[in-house]
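Two complexes follow with chain A in common, the first pairing it with chain B and the second with chain C.
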Partner chain A sequence: MSKPTNQKAWLLVIPVVLLVAFNALIPLMTVVNYSVQETFGNNVFFWEGVKWFEQVLNSSRFHEAFLRQLAFTGTILLIEIPLGIAVALSMPKKGPWVSVCLVLMALPLLIPWNVVGAMWNIFALPDIGLLGRTINAMGIDYNFTQQPLAAWITTIAMDVWHWTSLVVLLAYAGLCSIPDAYYQAAKIDGASPWSVFWRIQLPKMKHVLTIAILLRFMDSFMIYTEPFVLTGGGPGNTTTFLSIDLVKIALGQFDLGPAAAMSLIYFFVVLLMCWIFYTLMMRDEEQ
Partner chain B sequence: MAKITLKNLRHSYLAEPQNKEDYALQQIDAEWSDGSAYALLGPSGCGKTTLLNIISGLLTPSEGQVLFDDKDITHIPTAERHIAQIFQFPVVYDTMSVFDNLAFPLRNRGVAEDKVTARVNEVAKMLDLEHSLKQRASGLTADGKQKISLGRGLVREDVNVIMFDEPLTVIDPHLKWLLRSKLKELHQQLGITMIYVTHDQTEALTFADHVVVMFEGTVVQVGTPVELFEHPAHTFVGHFIGSPGMNILPCEISDAAAHFAGNRLQTACTKLPGIGTGNLEVGVRPEFVQFDDSGFPVEIVKVDDLGRHQIVAVRHNDNAIKMIIAEDAPIPSENPRISFSPQHTRLYQDSWVVN
Partner chain C sequence: MRLKSWLLPTIYIFFLMLPIYWLLNMSFKTTNEILGTFSLFPINFTFENYIKIFTDPTWYNGYLNSITYVVMNTVISVTVALPAAYAFSRYRFLGDKHLFFWLLTNRMAPPAVFALPFFQLYSAVELFDTHLAVALAHCLFNIPLAVWILEGFMSGVPKELDETAFLDGYSFPRFFIRIFIPTIVAGIGVAAFFTFMYSWVELLLAKTLTSVSAKPIAATMTRTASTAGYELGLLAAAGTLTIVPGAFVIYWVRNYIAKGFAMGRV
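Right, the complex of A and B next:
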């Protein structure tokens, strides 16, 4: 029996195709358009081939921003993932405190990015900020507007404050889905708390942690608003991450060609890293 | 190996139980002999898992004691009780191989590696797992995983008792039978005390030497499968065991005999209770009801032919009675009358049998 062919089904897909086209595909193609041409305004374009790509890939400015970005993302992942797991493990499993903890955890996630940046900016100012003044009062010279290290620490602290909750909530959901029988069996088998963590909890959290790492990777790799409001990319260029640099090139210098090329490179790097990571994490499942 | 004694055991999940309903376990006194296979049988929520978890030490009873070989272990932690428990859903350590899974309880107890290897191989052989030892445990089917759970209990040589909490729930029907025979075989081979919790009467009756029937937090009867079938001590045992269950009919005493709806009945009861003492019922299994022209008249409601026998549902006044008759037995078409076998007709007073 042959399957009936019904081309009318395409009609049902059209709304989605249109939506995706207008919010993703067409803007992206515009960027592609800019990345291979030079324009002086008035919609006059000159073909430039891969010149902008070569320029971006060879520029030390891009290399530095890229390394800075890698260092930042790596650092926050190394802090947020273990910290998130630790907090999730110490949260109560049942009782009235569960909802209290969950609400407290969710609070930072509800605050808009620019507000987080502004909050931390004021909080950490050495002369009027609570945190800044306290640190200075303890005899430590701290000024994130002038010292690169202080700016880095403040940016990382801000990101950890803002986003560890996401990891906590995901890890907690993973922990809650482990049936009691596993803990009971481990008790009967005489397992130590460490092997309970290593043999039961961590493997059972694998999927949610994969999601958590992916989300945190993508998000932190594209971070813009918070450091922009907090440090503006400074002092100097020390906290100029890829997005901040991109906006400087595109809107500050109005170099649309190189900016478009950089956008595309940036996009493919994120895509590639996510793909590699996901493939590695899920490799075992297929065996 | 150990004899298990339960003394005045009561348990409530509430911190301050007020009345009888607050107790998940009402009052349990039992002595289970070493090396026997026991089944805890009862409907969901009757307290059988609670009882199991108390014996394994996952729960501490509100009142009473648990003794292994006359030694009080009520407050000894699970790991030191030398017990094994197999849960409803198979528990395996996903990241470890089958071998490592089986070796896990031994390694946790610091057993030397060459001993571990020898013991694991021995147990794997018993459970027919020797060919999958190197495989990742997560890749096995449900029955394979359940075998690993069981194996983790068997590797320890000091195990006092192995407990099963509805272990065949997630196993395919055709494998259930295989795994159950394997359990029975292991029990005969090793002679370890086994306690098997289930709500499935077939599982309980085929697995155990002694079936402990539980109902609403109490043990209503302990007996061999035959005893439970022929001498139900409680109406619950009567209608829970057997398919269909026992007919439980209202009854009253007059003229020194039991009467059901005005019909005089002969029963196995030797000492009739006095008139007006509690709620009286008469119980008779469908197997012991037969068509009999000298009996009382009934109306046939439905006949189910099950291939091996027929189940006939009849009615006398408003009382439904089920009977099981042979496949080829004739069913009277006009004025059917039935009677009960006197030696299998029992009298129950407030749900408990009167002998």
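Right, the complex of A and C next:
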């Protein structure tokens, strides 16, 4: 689709640019400012150059939090994307049940994140929680406040519970946009359900799935509130993801320099990944 | 085959409802009963927790605060995103692609990165602890999202619509309000749903930017948990009530979502 060039279109964009710039540029510059200086309080700052960046990049604490974050994001993507597609494929296409399914499935998406954490906390506690009680009754020793593995599984189960519906909604939208003619043609050709999925449904869902993966990647990479409320980053540091670690350094220890340097590295990594996704997506669309 | 296809969504929805049921169950118990006995149903059914929330201003003000800034944010985000999305979907202009990506990058900024600078910025402009501060701060991630969604919907509307209207002598603002907006109302519904959702569930920035008079309900819950010991029943009731506005919004936009999803690229 060719679009006419019109510089006046900038006028329509200005309000958005001003509002977002106010929120984005000023705080970002503050972070950049902190990241190259040292302070001993009283608003006295000393130039430190790239010292904080070197310190953060060389610290094993940052490496561990980063690997933990990658493992978490990878795991939830591997579970949520296929599960979301499977649920969307088996949902009814028409009828009154569609609304019921959509409304019930969207429910977890609209619960404040700390309530999600608190809800899973009381759901999974071994003494008062339904899940914790049930697992222990089955003879498995389970206590997510003390066992690292149990904490991991609970955190992942919570995220799957919380966000798979987003993938379902998007995948379902993609499926709904496939014209009936495609299915009829497949029927005439005698295509198996499997080849209908690979040749018709998956290619047609490609665009919405890219959005789903992008959104899930970004959100899970910045996850803070839910695991913080559920496990507090523990036991030990086993569920301390990047954001949790960052807030610990910035607001807990008030080490502004290292925290700011870490923020920028963190932001840069997310940016890089998203740029790759975005470029792939745009190239796809132009074809 | 028919039966099998029902199975997966049913199991999935069952799994989704379990923790919510448990929260609801606890909200009708007293804290002593929660800690003392384990039961699938409340034995001494009580409304005490809900009554406390609806009569104590520190609790119900939390809800009013949250709803106020969320609605403000949704209105601001969608209003400014509409013309911008139109510009992106219809025209090429200097730096359009870079600008679009820059907007998206803000959707990717971890709120934890911005918490402290936001506090300083909004204190400096004397908006700290107002609803407007939170509404504006949430624009950081909601405006890019709204622009992104609306742009997708607008690109699905044929350009002939605009051209015909301009030939008929419509001015741009009149065309936009009278013809274009009604055409993409489903897209606006979807965009409003997502902005509402992300503003309603976000807590880190909302908590950082408020102290008393604009404190969100979710933050009231955390404070109560730490000062008054764990009043689990009360906490569960407050949690249950935070689901209610979301449920209303989903119910209200459910047709737009089905229809909007089907017509747009989203």
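The definition used in the following text is that the second predicted complex is superposed on the first by the 260 of 287 C-alpha atoms of A that agree within 3 Å, B and C clash if a C-alpha of one lies under 4 Å from a C-alpha of the other, contacts with A are read in each partner's own complex, and residues count from 1 in each chain.
Rule of thumb we're sticking to: a residue touches a chain if its C-beta (ideal position, glycine included) is under 8 Å from a C-beta of that chain, and two chains touch if they have at least 3 such contacts.
If you're wondering where the values come from, they're calculated on a predicted model, not measured in any experiment.
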{"item": "Overlay on chain A: chain C relative to chain B, clash or fit", "value": "fit"}
{"item": "First (chain B), second (chain C), both or neither touched by A:23", "value": "second"}
{"item": "Chain B versus chain C as contact partner of A:184, first or second or both or neither", "value": "first"}
{"item": "Dominant toucher of chain A (residue count), chain B or chain C", "value": "C"}
{"item": "Contacts of A:118 with chain B and chain C, given as first, second, both or neither", "value": "second"}
{"item": "Which of chain B and chain C A:98 touches, first, second, both or neither", "value": "second"}
{"item": "Partner chain in contact with A:53 - chain B first, chain C second, else both or neither", "value": "neither"}
{"item": "First (chain B), second (chain C), both or neither touched by A:142", "value": "neither"}
{"item": "Minimum C-alpha separation between chain B and chain C after superposing on chain A, in Å", "value": "15"}
{"item": "Contact residues common to both interfaces of chain A (with chain B and with chain C)", "value": "none"}
{"item": "Interface residues, chain A side, partner chain B - complex", "value": "179, 181-182, 184-185, 187-192, 195, 199-200, 203-204, 287"}
{"item": "Residues of chain B defined as touching chain A within the complex", "value": "53, 56, 58, 77-79, 83-85, 87-89, 91, 93-96, 104-105, 108-109, 136, 139, 149, 152-153"}
{"item": "Contact footprint of chain C on chain A as seen in their complex", "value": "1, 3-10, 12-13, 15-17, 19-20, 22-24, 26-28, 30-31, 83, 86-87, 90-91, 98-99, 101-115, 118-120, 122-123, 128-131, 133, 161, 164-165, 168-170, 172-173, 176-177, 207-208, 211, 218, 221-222, 224-225, 229, 242-243, 246-247, 250-251, 256, 259, 263, 266-267, 270-271, 274-275, 278"}
{"item": "Complex contacts: residues of chain C adjacent to chain A", "value": "4-9, 12-13, 15-20, 22-23, 26, 34-35, 38, 40, 76, 80-81, 83-84, 86-88, 90-94, 96, 99, 101, 103-118, 120-121, 136-137, 139-140, 143-144, 147, 155, 197, 200-204, 217-218, 221-222, 225, 232, 235-236, 239, 242-243, 245-247, 249-251, 254-255, 257-258, 261-266"}
